[in-house]
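You will see two complexes here that share chain A, one where it goes with chain B and one where it goes with chain C.
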Partner chain A sequence: MNSAPYPIIFALDALTGALFLLTAIGVVGTRQVLASLQLFVVQSLLLALSAVLLGIALGSVHLLAVAAITIATKTLLIPRLLRRTVSSEVYRTREVERVLNIPSSLLVAAALVVVAYVVANPLLRAVAVPFAEINLPLGLAAMFLGVFTVAVRREAVPQLLGLLAIENGVFFAGVAIVPSLPVIAELAAAVDVPVITLVVGLLTRQIHKRLGTTAVGHLAALREH
Partner chain B sequence: MELAAILVIPAIASGLSLSPLGRRFAAPITLGASAIVLVLAVAVAEYAAQTGRVEAFGQGLTCDGLGALVLLLVSVVGFTAALFSWGYIRHRTEQGGGRREQHYYGLYNLFVMSMLATPVLANVALMWIAVELTTLLSAFLVGFEDTAEALEAAWKYVVLTTLGAVLALLGFLILYWGSRVAGYEPFTWVGLVERRRKCLPPCYGRLSCWSSWVSARRWGSFRCTHGCRTRIARRRRRFVRSCRVSRPRPCSTSSCGCSR
Partner chain C sequence: MVGFLAEPVFIVVFLTVSFVAGSTIPYIVQTRWVTPISNFFEPSHVLLMIAFLMLILAEDGRLPVDSPSGQFELAMIDRSRLLEYSGRGAAVMKWAGAMKFLVLICIFLNVLVTPWGLAKGMGLGEVLLAVPLVLLKVFGFVLILVYIESSLAKLRLFRITEFLGAAFVICVVAMITRLSEI
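Then we have the complex of A and B:
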């Protein structure tokens, strides 16, 4: 443990990380579109909280900027953009079709978390960075769970939320390993995430208009035989 | 200066295509812009071949030999695609009217700009943004025909490439971490090349050896830093042994075995 100067912040960050992982597993396991959107918003808030904690502990203004940008884009802007582009999809209560059932998905999710710890271990042994031992494996785990979400969901909006959850995971790891992230990267994240949401949302609307469905998992005309 | 012009000209062409002027002249504007970009790219490539590296804006934009090659390829493909689009898009959008054609050319020029920015930007983080932009700008070009197949292709394209770009973001963060551990340098390609022989944590050496071994297996040959080709079957055992050493060695003592 290289966290001697700030034990309270270390403990709080560990708690945030645990809740972050829980929301990532929730995005995989929920039945309804609106619930996964709300879980994504909670996950983004936890990412911002972790950035604030690390920013206080390491005295880094960059991390506070990351937190502000995360709250502005991911918790405020993205739900609005989704409501504007694909409102009927998000705000209608309904079950989401998936490739795997929920118990098997959760088992795979648990296995992915273990894999994330195994993968992060050699990196952590190579360089000792404060807080990386919490944030790096949990960020990797959230990333893997996001990829898994994209793979098992058949609806357009949950796949988009999976993509955004991957980005959350990457930044959760990133705030610990590169606390002095260049300002350019922060701005990139600020612009990039809403643009991804807008493009995917408009594409979803076009698919819905043209094909009458947003079950993109069933689109299988283009396939290698 | 040519490097900046290469990025600015497609942006201007995109603006003109979307303006009222573009209602009739979007295709010729795009073709003219890509022809100018092609000429400038040839000039940059020639200059880079002579001097090794072209720089502009206080090293904000750089272009070395490899960058010049990519720049040349992109501008040739951009020019030929603009030439082909002239008749093709007009034929495809006969029912939809000129507005769709203008959208096409506006997006096309921005897409070409992001493709040209990728080999030219010196800052690695900015290059990642350019790569991400290529995906987002071309998504609507893939789905332009608005049929079921086109939309399916656009969806799969966007999801897979965005997934790849976000995973690459983690790679860039780890690379930045490594370059900071090795001693602070501005996070540019030139800085990374200058620092490559300084201490890297052992796992990076292992990881990069592993990835180059995988690509060597895939292509059947291994290319050393001097660019000489040797068959992987002969060299594999020595190459794998050299991977146990974390630090890159000069060529004469390492696995490549070339005479330099």
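Then we have the complex of A and C:
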């Protein structure tokens, strides 16, 4: 099945990847805004765990730094920022109206996972890195699911979480393909992402103040008076 | 009673178990998970365990899907069927439900979660030792089930399909991860 010299770490990384994918599907499927935020935190923790495992296996200090930065920004800073900027009323809402209902969007999610594996197969033949066969398809799948989340959900905060899930997926694939990823690249992303979160959070707060709702999916069409 | 919704997902779960392990015989399947021990943490195995647990909750009328101990007749699906029986008929119905539950738990525990402790041979001693071990496992699992049930609220009727749909998707993902590893 695999020729990795670290069978236990390989298996643990596979387990982390499976749970990572599960949280990505959860972000697509949950109704409550707060639950999807918590799922995102769990997903970021799993990303950090995978980076730590790969860092131990490949002897790369960069990956440990990536894990530390991920934990600091994505599990501590971003949830706190989102909770502070957006009023707690938003987190209590349930998203009743979505573009697709939940069972069909879960089926589309399953199809997206298949697509991710199909796409990743020829790529895997090109790169011969030990852990890529787990992390690349699962990262691609999480990326697709993030895009799908942005497309299918109408509330502002879950849409932002979809964007952040895309970023998580890219990093999940990236830590395996480029184990010596310069810390400076990760630092740049670590500064970028909280700023994006802050901007979207403040925007959502203003929208909520003006309209009393954050269902930004309804704001797509112009209306003439 | 929601079993008719769970049945297709059950077929897919069993199909996936035998597909992942390459056999339909429980003894071969359970050795597949532990040789080597790193197979136990395989993504397909973990996802299968989660899907099977969700199905056990649904199939037996447990709390997130059904409310077996409720007094409110609209909220209990499975138990309200029993209200039409009395005496021996009711006893047989309840017995059937308990037997189904036990069979499902035994498959779940002995094949998927703890693939140890079944009798390895035909000897009387081994078989007699396996019985209390299985009962012990069932007892432990029932405690976990109690914890799950006491920490969840019942889903509304129309969300049961979402619950089962999630189980189905997890199962399909387990199969896909298995397919791509070979």
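Quick note on the criterion: the second predicted complex is superposed on the first by the 212 of 225 C-alpha atoms of A that agree within 3 Å, B and C clash if a C-alpha of one lies under 4 Å from a C-alpha of the other, contacts with A are read in each partner's own complex, and residues count from 1 in each chain.
The criterion applied here is as follows: a residue touches a chain if its C-beta (ideal position, glycine included) is under 8 Å from a C-beta of that chain, and two chains touch if they have at least 3 such contacts.
Since we're looking at a predicted model, the values are computed, not measured.
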Residues of chain A touched, compared between chain B and chain C (which is higher): B
Chain B versus chain C as contact partner of A:192, first or second or both or neither: first
Chain B versus chain C as contact partner of A:14, first or second or both or neither: second
Contacts of A:163 with chain B and chain C, given as first, second, both or neither: first
First (chain B), second (chain C), both or neither touched by A:213: neither
First (chain B), second (chain C), both or neither touched by A:123: first
Which of chain B and chain C A:203 touches, first, second, both or neither: first
Which superposed partner A:25 touches (first chain B, second chain C, both, neither): second
Partner chain A, residues of chain C touching it in the complex: 36, 38-44, 46-47, 50, 161-162, 165-166, 168-170, 172-173, 176-177, 179-182
Residue numbers on chain A that touch chain B, as the complex places them: 122-123, 125-127, 129, 140, 143, 147, 150, 156, 159, 163, 166-167, 170, 173-174, 177-178, 180-182, 184-185, 188, 191-192, 195-196, 199-200, 202-203, 206-207, 210-211, 216, 219-222
Contact footprint of chain A on chain B as seen in their complex: 123, 125-126, 128-129, 132, 136, 139-140, 143, 146-149, 151-156, 158-159, 162-163, 166-167, 169-170, 173-174, 176-177, 180-181, 187, 201-204
Partner chain C, residues of chain A touching it in the complex: 1-2, 7-8, 10-12, 14-15, 17-19, 21-22, 25, 29, 102-103, 106-107, 109-110, 113-114, 117, 120-121, 133-134, 137
